[in-house]
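These notes are about the structure you will find just below.
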Amino acid sequence: MESVPRPARETSRVEMFSDSVFAIAMTLLGFGLGHPSHGPGPLSTRLIDAWPSYLAFFTSFVTIGIVWINHHRLFTHILRISHGLLLWNGLLLMFVTLIPFTSGLVADSIGRDDARTAAGLYSAGFVLTTMSFNLLWRHATRHRRLLDRHVTPAMVHRINLQYGFGPLFYLATFAVAVAGGALASMLLNCVLAVFFALPAFTLADAVLETPGDDVSG
Amino acid sequence: MESVPRPARETSRVEMFSDSVFAIAMTLLGFGLGHPSHGPGPLSTRLIDAWPSYLAFFTSFVTIGIVWINHHRLFTHILRISHGLLLWNGLLLMFVTLIPFTSGLVADSIGRDDARTAAGLYSAGFVLTTMSFNLLWRHATRHRRLLDRHVTPAMVHRINLQYGFGPLFYLATFAVAVAGGALASMLLNCVLAVFFALPAFTLADAVLETPGDDVSG
Amino acid sequence: MESVPRPARETSRVEMFSDSVFAIAMTLLGFGLGHPSHGPGPLSTRLIDAWPSYLAFFTSFVTIGIVWINHHRLFTHILRISHGLLLWNGLLLMFVTLIPFTSGLVADSIGRDDARTAAGLYSAGFVLTTMSFNLLWRHATRHRRLLDRHVTPAMVHRINLQYGFGPLFYLATFAVAVAGGALASMLLNCVLAVFFALPAFTLADAVLETPGDDVSG
Amino acid sequence: MESVPRPARETSRVEMFSDSVFAIAMTLLGFGLGHPSHGPGPLSTRLIDAWPSYLAFFTSFVTIGIVWINHHRLFTHILRISHGLLLWNGLLLMFVTLIPFTSGLVADSIGRDDARTAAGLYSAGFVLTTMSFNLLWRHATRHRRLLDRHVTPAMVHRINLQYGFGPLFYLATFAVAVAGGALASMLLNCVLAVFFALPAFTLADAVLETPGDDVSG
């Protein structure tokens, strides 16, 4: 046991637990698409009519994937856990487990009267997810001893700045949904997901840039 | 293999297995909220009417999260496994996997005739969960060789005392439910979950207090 | 990487993958109990009427738990993987993922005309599960280099003998079901699960008995 | 931490995350078989009538299993991750999480008017899964520093060739489905799954062949 310090082991259990939640939520998104094989009309028509389901599935899957990648990266900087870190992480996971629920709501509502409510809730879920992600990171930086020694104040500042935009973007798509643009809000959420997934917009420079690393691919 | 002793490896597999069950149960809570998008009336009304679902979801999520954190902490003291430990751990996991079931029951029943039965079962599930948690720990302390060397009798005594209150609290909320106060019982379960999650009421002092640790955050 | 040989790493990924399947199947058993909150009559009556569900849940949960414990133990003897080992392990996992399905069938059928078919399938699933478990172990012993050096021929012989009884027991409960005793078959499956879980009937002597180990608890 | 270099730790988290998705998707296939216990006629007849479900379950389970084994093997060659690798891996996982969905579609449609659409989609899903698998590997080989030192250009060439056939085979079963042979397409998908699982057709020679290894079993 001497060669594996306890704090490192602790972090790895939190990471693995979080990964399980991310993986289950992502897989349930696919499972939640259900069986549209029963109903009137040919299957092809019914599948095409269910296009909002695929838009919601894709957006939710990519968004949780990005949360996973960034969670992954944060924990290359975090070396120790505290009770507070577990709480913020738990809050993040709680909002992630709600994504399949709000995703199902919006998939069923696009093009109907309820679209505004559902799209608003969907974006609100992302506001809360990204906010709790920021609070998790802020907690780690406020308790300096949780961080790895390689983390400089400049690095912390840059990460703060970059993650800080997340909730603002989703507040914008929330506003679009509430203003009546449910489909526009959904498309913006989808564009944001793809946008955040692109290497150029990731925290690659701040987080992964170590000598010899090739993160552009 | 010389540097990783077999007992340590054994413990880690039990911890990871348990974590998977906790993570799946927590994620299924969100998935189990279902699709209230179909039905009469606007979605917003139907979502607001489903408030017992969110209360049950939040309470169950936080409660399983606390079981996870404490399970996590117990296993910083437990170094080896025995067949008996696997059985008590299995019993704990069985009651945890039933939480999404009783949670669904109570979510559907608040405000109806069946509320008393459902809330009683929900609390009974927590009584059994916390009791099996205590039995797991008692087993480990009765078989001294399962514990890490850093565990002192005073530490064991303090942990016994602190975990011992869990079943008593849930017996109280069970009594409230059976006496007819289903909603009061639910609210008490929710308050208990938040209460147990707060750093001041955790086993931080007994369990995590190692030199240089900052667990107050 | 020098200190962690590749074969050890390979085995650990198979073990973790299998554990995930076991954990998910066990948690889905609880989730699959469904929401009997809707229907005529009071909830308490409907819950009591659903007793075959709890019998099937308990039996399936404990049985998968035992498969997990024994899988766990086999892999303390298996050091390397081969393609064949992955196939037998995959077959075992396939039958395990079918347990929630057959468990649901039997829970819905006890006391109805279809009880014989459902109970027969339930036991047949256990015959196939325990048979593939034996085939996995036989494969490992036929390819001696997969085993750890501490495994003696006498140990292999004893394990063969002990695991060999599993399929025979379940063939018996299958016969009872087919002969018309669906409930008797279910109760026997339940008794077998509890029986196999008791320390005295586990492979403790052959598998865990290392100097200083206390496996009786 | 000195003995476990960060890149190795990074790879292992990606592998474990992917494994979780594979394990959940495989277990949900069993859970998704549903409860055919309700309905007219005896259970045995209804179960026999549901044979396309079992064909789809078996084919999907074995296919995801093969993707898992090969993913497993690829990562014995991949030592480091890049943002691009995470994206390709995420795309692969997205198509894997859709397999329970398309599998359910085809299970419900065989023998009906919609069989052609469903079987076409099922094969299309496999085309996309195997294509993203190839793109993941191509990305790793294009960024040479991601690979382990033991990987020679000849080995890369051989693996390219072997995995390159996957999408072509599934394009063929897609064509058969679209041409009207839904059942033939399903049977071909099943044969391909078994065929790919057999040791002789795996990448055993290129991937696992290390001195003293016995991969033929």
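Annotations
The letters A, B, C and D name the chains in turn, as written, and every chain counts its residues from 1.
Here is the rule we go by: contacts are C-beta pairs under 8 Å (C-beta built on N, C-alpha and C of every residue); 3 or more make two chains touch, one makes a residue touch a chain.
Note that the coordinates shown come from a computational prediction; the quantities given were computed from them, not determined experimentally.
Overlaying the C-alpha trace of subunit A on that of subunit B calls for a turn of 90°, given as a multiple of 5. Interface of subunit C with subunit D: the two copies contact each other largely through different residue positions, with under half of all numbers used appearing on both sides. With each centre defined as the average position of its C-alpha atoms, the distance from subunit A to subunit D rounds to 25 Å. For this pair, subunit B with subunit D, the centres built from the Cα atoms lie 36 Å apart. Among the residues of subunit B, those touching two or more other chains are numbered 3, 16, 20, 24, 28. Taken together, the touching pairs link the chains into one ring where each has two partners. Interface residues of subunit B facing subunit C in the complex, by the touch rule stated above, are 1, 3, 6, 10, 13, 16-17, 20-21, 24-25, 28, 32, 80, 82-87, 90, 93-94, 97-101, 104-105, 108-109, 113-114, 117-118, 121, 139, 142-143, 145-146. Those residues of subunit B lying in contact with subunit A across their complex are 3, 5, 8, 15-16, 19-20, 22-24, 26-31, 33-38, 42-44, 47, 58, 61-62, 65, 68-69, 72, 76, 197, 199, 202, 204, 208, 210, 212-217.
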